[in-house]
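Only one structure is covered here, and it is reproduced in the block below.
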Amino acid sequence: MTASSLRWAKALPLSAKIGLAFVLFWLTVAVVGPMLAPYPVGAFVAYDVFDGVSAQHWLGSDYLGRDVLSRLLSGARYTVGLAAAAALLASATGTALALTAAVGGPKVDEPLSRFMDTLISIPSKILSLVLVAAFGSSLPLLLLIAAVTYVPGNYRIARALAVNLAQMDYVQVARARGEGRIHLALREILPNMIHPLLADFGLRFVFIVLLLSGLSFLGLGVQPPDADLGSLVRENISGLGEGALAILMPAVAIATLTVGVNLLIDGLKGKRA
Amino acid sequence: MAGASSSSGVKAALSLIAKRFASSLLTLFLVSLVVFTIAQLLPGDAAQEALGQSATAEQVQALRHEMGLDRPAHERYASWLSGMVSGDPGQSLVANLPVSEVISSRLPNSLLLAALSALVAVPVALAIGIGSAMNRGGKLDRALNISTLSMVAVPEFLVATLAVLIFSVKLRWLPSIALVADDMSWGDYLRGAAMPILCLSIVVIAQMARMTRAAVIDQMDRPYVEMAVLKGVAPVRMVLRHIMPNAVAPIVNAMALSLSYLLGGAIIVETIFNYPGLASLMVNAVTSRDMPLLQACAMIFCAAYLILMLIADVTAILANPRLRAQ
Amino acid sequence: MTAHVEVNGLRVTARNAAGETFPIVSEIDFALKRGEVLALIGESGSGKTTIALTLLGHARPGATIAGGSIRVGDHEILSLDARGIAQLRGNRIAYIAQSAASAFNPSRTIMDQVIEPALIHHLMPRAQAEKKAVELFRALALPFPDTIGSRYPHQLSGGQLQRLMASMALVTDPELVILDEPTTALDVTTQIEVLRAFKAVVLERGATAVYVSHDLAVVAQMADQIVVLNQGRIREKGAADQILHRPADDYTKTLMAAARPAIRPAPKQAVLPSAPLLEIRDMTAGYGKIGKDGRPRIPVLRDINLTIERGATLGVIGESGSGKSTMARVIAGLLPPAQGEVLLNGEPLPPGLKGRSRDQFRRIQLVFQNADTALNPAHSVGQILSRPLAFYHGLKGNAARLRVLELLDLIRLPATVIDRRCGELSGGQKQRINLARALAADPELILCDEVTSALDTVVGAAILDLMAELRKELGVAYMFISHDISTVRAICDDILVLYSGTMVDMGRREAFRAAPFHPYTDLLIGSVPEMRAGWLEESAAARSLPRIGAPAEEADLCRFLPRCPARIDGLCNVTPPPRHQLSKGNDILCHHGEVTLTQVQGVAA
């Protein structure tokens, strides 16, 4: 198992290996990060605000004199966790609806697709802003809002795949064999969509990370005392003029996470083609 | 023979365009339903919200009546929609001004920002996209691939903070806040808006270039390109005369999609630079839960998106001889 | 006289996914004199197209010309730089691609593309090039030669595009023309017209030509010399006459044998008093909304009546678009008919999938042309075969596995393939699995839609042998859908000829041995090339058409009218044709009686 995944990773192009390293790094941080934090997240531990690198504070201190490293480790968990859960929810919902449309015939497909087309014509950031304004931004709501925002995109891609596959001869053969719709959707169509769907899941994860951190940056996302990486950039914006680590590090953290996922997906695509 | 078919072809293309237009209008109508419905689900009461906790029940009731909140939902929807269509989407709760007035002071700024960013982004993206497609698999292509791939994943506020750090803090070339006034000269405006334009362009260029490259490469794999190679056609002529006519539709589609991204990207960029545009107005509307203003802004953004898509589809119809000349 | 084109020690390599380089063709030598036609013959993967493209100095992406020399006239092709080679292409050396429909740029007019070689090589001004193109259009017997240039590719038929591609090749008067399977994508009745045009125009202009094909009979019409290729190497080369009539190599002999399908006698059937296995009554089918007259908006099949007896084989033949695949879809329930009914064992089947019992589903199985798309790539062979066992027979676990092994044995595949995915199997093996999946249901009728068309001749012949054996062993009936009349005549008991969705000719196989036929059947049979030189010149198929007035509107006229060489003005273009029986037993839909048809067709057939 480990040996085969090692071989798999070795065969990746260099850019994908870098991407994989970033992704694994941030996943690990999200899982165990807070345990490794040198200081409690909310504690005022430094004498100075916007301190530089020091032995006590590897990444300096923030605008209130808190330890940046500790806050970063905890913020990463919010960013990665929320985005992964929302991407999973969006992909699962979108794909389930897409399969329903593909095997349900025009009577199911047409109204569903029309509705999704409507949602997709509302740019994702605008839709999420309207949703935040209407419902607020507690953590579960943020998760739901991000998922709802990206369901239509996943639906569109999954439906295109599923409708194409539903026309394949092997699905026609299964229909002529007398198979039911659930068998068609889950056994004949779905297994052939997995690879593109995984790539789409990765992209959606990236979109959601960017969306949620963007919302937090605007002060509309994760609310204090909780803080994701976007909130960290926002709260330290006053350090921009000094080029403080407290503002740069969370921004760089987001970028390495999303760029890493993108590099990995791109490398996997190239490998299969 | 040819004449007859081309005039009937024009007719067919026109009817296709008309259908496409009607479909956009229908979508916009459905979007208005969705936006209105979400706004209606608002927990709490807009009147209560507007007056604050200290208001008496009578005051709230009076305002509810004045705002029409005591009427059934479909009636309110009808009057809101007819207001939107006739250019009067209601009263902004926070500014206490008609929404139309608030928006009309901001919309031109946003349009100007989008137009200038597009003006920078489109040629650069086309050059990168076509260039790397022609160099497919080469060093330049791979380098561009990695950099555009990274750029599309970088959050706008990182681009913006880095830009401020470099151009305002270190080099002191450009102001970190975009001051835009009505009586500014063009030179002053451009200096003020340079940073937002730069940030928006960078974010959009990467996306647009990737999609352009994909569209061109998709064509390069077709048999007609091999045929043209075997006719002795040189690379530049290949791209301009053979590939471009077929890639126009997907490229314009890529442009439209990316430009529609400008609408969303502008939200962060306008906020960071304090640019007085529609997107930052919308963020304020969210923070203050000014629903009439928010709904109107959302509808404008959706309409802009649909117009871009419509342009892309009409281009596709006009560029395709199958649809143009049947 | 020295050779005009000379190829020595040619070697082309490719790189696989693991980065290893391996040869795709090697040790290729041949030479031909000015004005000669050399044919490269082989099955898919033989390297014939790869070799032909090297003459233009071209290798497809992933492949590299690794060694050898190619001389065309005074030019050493492999020592030229990119500019030098581009100057020869489309100028001194021209290429005619396999599928003109995709080789023409969809966004540019025909004329623009036809004269482009002359313009980019600065051979003549635009006006002169256009004049020359129109002359070529005329010589190639294209309709509306003066205006056809202003059309776009999608407005023209495959046969027309193939001839237009020839005019594009000839506009620069090249010294060497490469023809890469130029008629493979065409229907047989169109192929003969294109071949005739090519022979008259391309070859008679004195250009040297290299003709790539998998079809020996087509090559027999065109070639002076033949090179037989197999897996990237030359098996045999020599004068056309020698290769066709006195082949020395075993592989060439196999190819020749597979090209002439063996006639398989029908097994003796017990006469059963019961209802026929399948019966179709007055069936009309198509796509789109069904109108008031009961016909769909896009009708595909009309007024179909047929029966298939237990254990019998019915051949359904027609060209692309004739509705033959739609027939299988209707019977299988994938497309409900607009009118009429389908009866199985005398009982009407529900029109669509809905309402059919599992047993009804089991009795009729569908086998598609292309095993690549007919087998789910996500499933293993074992999974594919055990699904119908579980679904119809409730077989699970070890019982199912044993039955799968039995099935594999039945189709002559080793038991080891059971855990493999279909992507790892060869084309012939996949088609066997495709067949075995149908057999797993224990069906009474198998609908075979072009099951051998996607396969090489030799592999296809083996599949036909297998089908014949299964029929003998299991007593299963087939509906064999094909575009190839010789295959159908070889293996079917009854034959139905479809033209544009109507049954024009139907009868026992014996009735299709000699004239008289329906005029379309006659054209179809007369268009199949014979494996001897001179057939093309002698064949009478698709020659001049009698002039007729404008066809009457409204009337349900003969669909074959626009192409019929036996049509009569004032009759065929005014009155719908009657269905009547000829004395040898076949029913035809035609105004002509036995006597006239025999007169017209007697000589040719």
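The letters A, B and C name the chains in turn, as written, and every chain counts its residues from 1.
As a working rule, a residue touches a chain if its C-beta (ideal position, glycine included) is under 8 Å from a C-beta of that chain, and two chains touch if they have at least 3 such contacts.
What you see is a predicted model, and the numbers here were worked out from it, not measured in a lab.
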Most widely separated chain from chain A, with each centre as the mean of CA atoms: C
Top chain pair, ranked by number of contacting C-beta pairs: A-B
Centre-to-centre distance between chain B and chain A (centres being mean Cα positions), rounded to whole Å: 23
Between chain C and chain A, distance of the C-alpha-averaged centres to the nearest whole Å: 49
In the complex with chain A, residue positions of chain B that touch it: 27-28, 30-31, 34-35, 38-39, 41-43, 145-146, 149-150, 152-158, 161-162, 164-165, 169-170, 176, 260-261, 263-265, 267-268, 271, 282-283, 285-287, 289, 291, 294-295, 297-298, 301-302, 305-306, 309
Of chain C, residues touching chain A in the complex: 332-334, 353, 356, 358, 361-362, 364-366, 368, 370, 373-379, 387-388, 391, 437, 441
Touching residues on chain A, where the partner in the complex is chain B: 15, 114-115, 117-119, 121-127, 129-136, 206, 210, 213-214, 217-220, 230, 233, 240-241, 243, 247-248, 251-252, 254-255, 258-259, 261-263, 266
Touching residues (chain side chain B, partner chain C) in the complex: 1-2, 5, 222-224, 226-234, 237, 241-242, 245-246, 319-322, 325-326
Residue numbers on chain A that touch chain C, as the complex places them: 168-170, 172-173, 175-179, 188, 191-192
